[in-house]
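Attaching a single structure in structure tokens format; questions to follow.
Letters A, B, C, D and E mark the chains in the order given here, with residues in each chain numbered from 1 onward.
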Amino acid sequence: MSIFSKVKDRLEDLRRPGYFKKYDHKFTMVIDLDRCNGCGACVSACYAENNLPVVGKEECGKSRALNWIRIERYVEGEYPDVKVKFIPVMCQHCSKAPCETACPVYATYHNQDGLNVQVYNRCVGTFTCATYCPYDARRFNWFTYKREKPLDQQYNPDVTVREMGIMEKGTFCIQRIRAAKDRAKDEKRALKDGDVTPACAQACPTGAMVFGDLNDPESRVSKLAKSPRRFRLLEELNTDPSVIYLKRVMKDGRGTSEE
Amino acid sequence: MKRRDFLKYIGIGGAGTGLGYLFGKVTQSPGNKLIPYLIPPEDIIPGVGAYYATFCTECSAGCGILVKVMDGRARKIEGNPRHPVNKGKLCMRGQAGVQGLYNPDRIKAPMKRSGERGTGQFVEISWDDAVSTLAKNLTELNKKPEQLYLLTSDMRRRGHQHTVASSFMSGFGSPNIIRHDLLGPGNLEFANHASMGLSAIPHYDIENTRYLLSFGADFSSAWLSPVSYGHAYGQMRQGGNGRGKLVQVEPRMSLTGANADEWVAARPGTEGVLSLSIAYAIIEKGLSRAGDAGSWRSALGAYRPSEAAKTVDVSEERIYSLAKEFAQARPSLAISGGNLEGYENGPSCHMAVSVLNHVAGNIGIKGGVIPSPEALASAPHPMTGPKNSLSRFAADAEAGRIKTLIVSGSNPVFTAPKAAKVEDALAKIPFIASFSSYIDETTAYADIILPPHHPLEDWGDEFSEPGAGFAPATVMQPVVSPLYDTKGLGDIFIMVGKAVGGKTAARMPSAEFKDYLRGSWKEMYAKNRAMAAGAPTFDEFWIRTLSEGGWWGAESVKPRCAAVSVHAVKEHLSKSVAAEFEGDEKAYPFYLMLYPQAAMRDGSGALSPWLQEMPDPMTSVVWGSWVEINGKTAASLGISEGDVVSIESPFGKITAQAYLAPGIRPDTIAVPIGQGHRQYGRYAKDRGANPIEILPFKENPKTGQIAVNSTRVKVTKIGNGRLVKQEGAARELGRDIVKTMTPAEFERIKG
Amino acid sequence: MLNIKAIIYVAAGVVVFGAAFGIGYALNTYYSPDLDPVQPINFSHKIHAGDNKIPCIYCHIYADRSRVSGVPNVQRCMGCHKIIKTDSPEIIKLTGYWERKEPIAWVKVHNLPDHVGFTHKRHIKAGLDCKLCHGDVASMSRVKRVSSLQMGWCLNCHEKREVVNGKDCWTCHQ
Amino acid sequence: MAEGHQKSSMSYKDVNEDIYGIITRSGIGYYIICGLFGAGAAVLFILPWAYQIYVGQGVSGLNVPVFWGIYLVNFVFWVGVAHAGTLISAMLFITQTPWRRAISRGAETMTFFALMLVTLFIFIHMGRPWNFYWTFPYPTQRQLWTNFISPLTFDVFAIGTYTTSSIVFLYFGLVPDLAALSHTASGWRKKLYEFLSFGWRGTDAQWYTQNKACMFFSAFIMPLVVSVHSVVSWDFALSLVPGYSKTVFAPYFVTGALLSGFAGVLLMLSIMREAYPVMKKYVTDYHYDRIGLFVLVLSLMWSYLTLMEVVTGLYANTSQEIEHLKFKLATPPYMQLFILMIFCNTVLPLVYIVRKVRGSVFGRFVVPVLVLVGMWLERYLIIPNSLSRKFLPWMWQDYAPTWVEISISLGTLMMFISMFMMFVKVFPIIALFEVKEDIGVPMKNRKHH
Amino acid sequence: MATNSVLAVFDHVDTLLEAAHRCKASGWGFQIISPIPLGHEIEHEFGPRKNWLRWFTGFGAINGFIFGWVVAFGLSVLYILPRGGKPILAATPTLLVSYETTILFGVLWTLFGFFVLCRMPVISKKPFHPRIAVDGFGLLVEGVREDNIPLVEKILKEHGAGEIERIES
């Protein structure tokens, strides 16, 4: 009987969407669009931290820049009533990510930290994940990009330099998450709020980006995520993203008056 | 089995073994070498990053940074969380600092010119040769030491590196220090001094203000201290004590304008008029908080909204509503910069904004303009000397009064208009030495280059403008060992000074610059009681300072008082506050607005591939320059996006690609500064256009600022093209991607 | 009719080729020179770690603090060999390096590709014996790789020891 | 028995000689043309592909939102072309339609080579094609398998199964013919035939088994044909992309595939008949008549589904769908391409209503070529075009193929032709025994019932 | 008991079938070797037949179906990597995979069955006449006692056989 029920439990487990009963962590980023001024510091920080290659003018012209995070700018209205909205978009680490189902070789999957991770050395480059991604967050190594010497001395050794033919995307600076876990383990404690800050959030001058663990009810993100200004990008697609935006307050803003 | 068959199988087997072996070889990772240290550096653990504190030299804001060093190499620059200026944050420009250090086009050793001047051809020589050549040249000037000129920049004019340079010049006996800086806040400083009597830039308390009225000040990208103001902006919006409102007045929507709640597209050059008319409206409606409102009312009589409205191209009602909101919000703050700094009568414009602040009672209050406290006692004096007179420099060179020129940290060939004739001036100078890390346009004219360390390899210090309650003193220390055969900037002056001998050598510190710096700090430590707090001995203090990145006042210092009196500004406001533009309105129908981007600033960022690839926030253009034209204007001129257009002013012509911007006045076009280098390394060279070239040479005689918004231009289409930018379509098409809410709703949910 | 002989011959050929391929592959994988390369100095772990019982961490000083264990620097070697056995030919080679101020270019025996984020620190802190992966180095006069260092080999151990998140790709890959 | 055939006058011997003649008797011109196509394939396909592998996928025109370009278009197109072959054999076998017999081998061969290109295009479009085998579930020391919920894994299984089944099906038909021809042939062909026929004699039991096996295969392949192209359509339909995520895709793709497949068979037969006049004895106007009707019917079905594809988008009326349709239907040059596609696939096949046209030169050559072009355009208008207009307008980008992509596409087409031509020189392109069956069983006394 | 076989080549099928009837009546075994399938005619003459092929196919198909499920479910459980918020044991996609494997295995087992039932590949030399490859219809009479051979030949001749060959076993 016990074996039977064990098997039954196990099967139920395996039938549970996403499998994990509860993620160890649910790393989440809250981006306050009312703070964000679109300065681009996060983009640059990401280049520095994650060994992103510079592709040059010609490739940029083909829309092949390898920016893991970009700042989208949407314009409303015509002169003189122009309204501009900025939104930093990176990999949204969807809990129900379309890209994860797409990969035939498990190069992208969801891990216990609630992250959508990309395993570079497993990728065979079928492009499926990128076409499925509604946020266009994935970038591809069209060539083997080399930094001219001695610019290569700046490479971050904690992050692989990707070769050609590999898909990549924002990782929430997973190397920093690992390092923080490593430190926490050394100090024999659990990970606490503020231990991990991705490069973009660290650089953000306006403090628009806040990163933390949504599983921890005391964390800053948990508190911010309860904000009534909360929304998620293309939420109607039900991808359940882990990046939560807070609405911009604008003179001609669209209200949520339906509520 | 026959013998022949057997042999066949042997062959097959052999081939199989060989292929298998090869396959194994190919699939295995190749073994590589492990090269250990001969003698291990003490503080380095291989594979573990260490952080060294220093400060950022990419602009004059002086943010504190931490450099992550791993295996002896600088890997990443992050903000120093302890530093009061940037509070651990850092802009894109600061991040890219490592690309200056590891730039492939850095000068690796002293060099001597081998080709024609201006072509940038040099051969390497030894330091001994370089120093003795320069020293020999200087000794020949012994009779007339004033024939030595030093051309330097306004940036970092406050540290000991420049003290050494100053003593070098004074020891040699030449008073001729020319400071040239395209984007320096000279007009603002002058205006603040003249109107409020402040010797330093005050603290604009954006963080605590509830209503920020910005006249062209693009504090989100390149104005004064973008990181510090960026942080303050975030706090103002969602910092917890009510959401502050931002109104931006400028003809071209800048990044800050894009974030503003209201964008007021005043006619170029009339921002000062608008400011004064708002001030007038405040007084008129009896909302003024200034004690001397009455005297102001009469002084500002010419700026009645009813009359100003037409000049400014902003409706009278709007002026009144702005005035009402500005005066009623407490605290409110008006700031000025950007375009205003670039007008020929920039000081007057700035003063007009000071008047507005005064009238609304915003000076000296929290959330307003807070005058800086006294700087640290015995901090090195800011570099003095004739302020910013490139015209004098050009004239002196023309007259043959300059025999030897030392260039350090300035690049006037690029940042001065063609009309300034800097190149001609340089050609006249018999001997030019450049202390530069890169072959920029000015260095290309040099006869000899003495390359200094990159700031990440060098010693130095910085005393940024004191903010409210702190006077930071930041130390620059080498975070990596020098990459090439270069010397510290201070050491170069010391070396040359000693080689020259005589009085010059006597004025030079006896030791290396590093020890001189330490000695100076010891002196400062002795004179400042506040510094000693928590550090009983200097050694302890020094170690703490190095590890924390600097020292910032622990005690809050009382700010000085300041007020604007009619008397002080009368003289400056007596003339029209509206700026003049060169060129006939008929022939040249458009105002030309030049503006610095966060990435390139005055063009010094162009050498970094990261910054080149960083999309401009407002246009998303990368790796090049563009001209922003209003969509309707462009349509009437038959220009579509990406078209190559020529921009012609009375002083020259450039070509650039058109970007149809929604946020720009129809009578204005805007071009970013920073591209169009003819030298300056592989990433910057021959990319885009340099709009400074077509400016008239208008130097403000009092402040030395070159007016960058001072001409009209005409625009003609000359070809088709495709603009390299990142945006596909910038309209939401009703998808409601970025969700927003109204301020009223925000107030409701907060309550 | 059908040439049965031909079928048999072809089949035999395929078998022989396959077997030979396997042998070649195995030869390379398990007996390749990469496994116990000749080092510039004939350093013997047997003498140091075996006979003289010097603990590993004495020379590989970073093993418990960093991802890399750290090859001992020349200074550390010279620390002892200024006095001990200065006349042995290998030590003379070492002294030569020291005097020329030239680091010794050891050949890597345990080499991992760039995308593997292995860290010594965590494994040492978990109380693993160095022997577990490096074999009984104390009995080797020339170091030889005894483990395949392949992913499956890592995973087996992770599974056996029930490492937390031990089968998550990003635990090891970077 | 054989409607419309004038073959009863032929003897079995004629058949043997004719078919072996097709294999052996060709002028030097044939080999030169075949060689030229082969060389063209080498220059236009092998070299650019090697260049692409060496330099990276960046040599193609793909960009950030448009990750799937004409490689995938070709992939889907060739899967489509592959469909007619087995379906003709299988469906018509089950219904025992006699006119199948003369054309089934040719159609199956086309399927076989089309599937080769399908597999090839999967590798060509990969970023790291040297790791292609990671997509197969096989045990390794890494302990990692493949993701069974990925539509691409379905593809691996579907196309793998389809390729295997097609080869087996082709082989089944070939066995008796090879056995028969091995007695006529000489030299290396004889050896090859003997080897491949594995000692087939044609005993009653063998024929019975062969017939049964073909029957089972047909039963398997009919659902397989449907599943393969619907699985290919799932690659797109299982995503969220506007323009991809449509329920109509499975029937739409299958119908389109059959349409292009039948057009391909039609074209192939016409060309073969010109190359081998002797084939005119076997492939007659009757065949054109039947296939033409098929094309007509399929084109009508396809047109209906195309209409529904647009209509479903319009009914959904989301901004995404509308923008996608706007881009596809109202933006040059895609608007013109769409009109061309409709002309090729809907308007043009209508000429087949006239019986005479079905057998005319126009009906035999021009229409099938244009239908194939139209079907290629259909895929082009679905695959890269939908990706150009995804959810975030900021990332909208257009796509244009580069010379590498175009060259590889042309090169593979040439490879297809040259391989087909070589196949004809090795194996009988008309099923020997089936044609004999068509002629009828020789009887001395009694009439065949 | 030494048995011998006789192979006769006929021009026409009906005569061949008549001869076959005679042989059957005489208790001799026979095989018809033909260039085209004669299933229809033979069944008409001798009644319907059956063989084991369906069992091969069925076995393969069922096996394939099971294989599909085992592979897709089993391998998902072996190395658990959650993806897309979908369950590890996802039924719908597995059905798709097993659909394909059913067909694949069915096809492969049918091929195998075909080889087995056709006794292919042939190891030894089997009686055959080159004319059968073109337009002859062979009747192989088996299990004939040696002394009955002339009788058989006579009967075959009577029914219009062309070439007749004795085949030594």
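Basically, a residue touches a chain if its C-beta (ideal position, glycine included) is under 8 Å from a C-beta of that chain, and two chains touch if they have at least 3 such contacts.
A quick note: this is a predicted structure, and the numbers were derived from the prediction, not measured.
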Identify the chains adjacent to both chain A and chain B in the sense defined at the top.
-> C, D
Farthest-lying chain, centroid of Cα atoms versus that of chain D | B
If we define chain centres by averaging CA atoms, which chain lands farthest from chain C? Would you check?
-> E
Innermost chain, where centres are averages of C-alpha coordinates = A
Winner on C-beta contact pairs when C-D is weighed against A-E | A-E
Length of the line joining the C-alpha centres of chain B and chain C, rounded to whole Å = 52
Distance from the CA centroid of chain B to that of chain E, rounded to the nearest Å?
-> 87
State, to the nearest whole Å, the distance from the C-alpha centre of chain A to the C-alpha centre of chain C.
-> 37
Where the CA atoms of chain C average out and where those of chain E average out, how many Å apart are those spots?
-> 59
So which bits of chain D are touching at least two other chains?
-> 65, 143-147, 149, 153, 198-199, 391-395, 397
Shared interface positions of chain B, touching two or more other chains = 47, 726-728, 730-732, 737
Could you check chain E for residues that touch two or more other chains and list them?
-> 76, 79-81, 83-84, 86, 121-122, 126, 128
Chain D-touching residues of chain E, taken from the complex the two chains share | 11-15, 31-39, 41-42, 44, 49, 51, 53-54, 57, 71-72, 75-76, 78-79, 81, 83-84, 86, 90, 93-94, 96-97, 99-101, 103-104, 106-108, 110-111, 113-115, 117-118, 120-122, 126, 128, 130, 132-135, 137, 140, 160
Going by the contact rule at the top, pick out the chain D residues touching chain C in the complex.
-> 140-143, 191, 194-195, 197-199
In the complex formed with chain A, which residues of chain C make contact?
-> 113-115, 117, 119, 121-122, 125, 165, 168-171, 173-174
Residues of chain D defined as touching chain B within the complex = 65, 319-320, 323, 391-397
Inside the complex, what are the residues of chain A that reach chain E?
-> 11, 14-20, 94-101, 103, 106, 108-110, 240
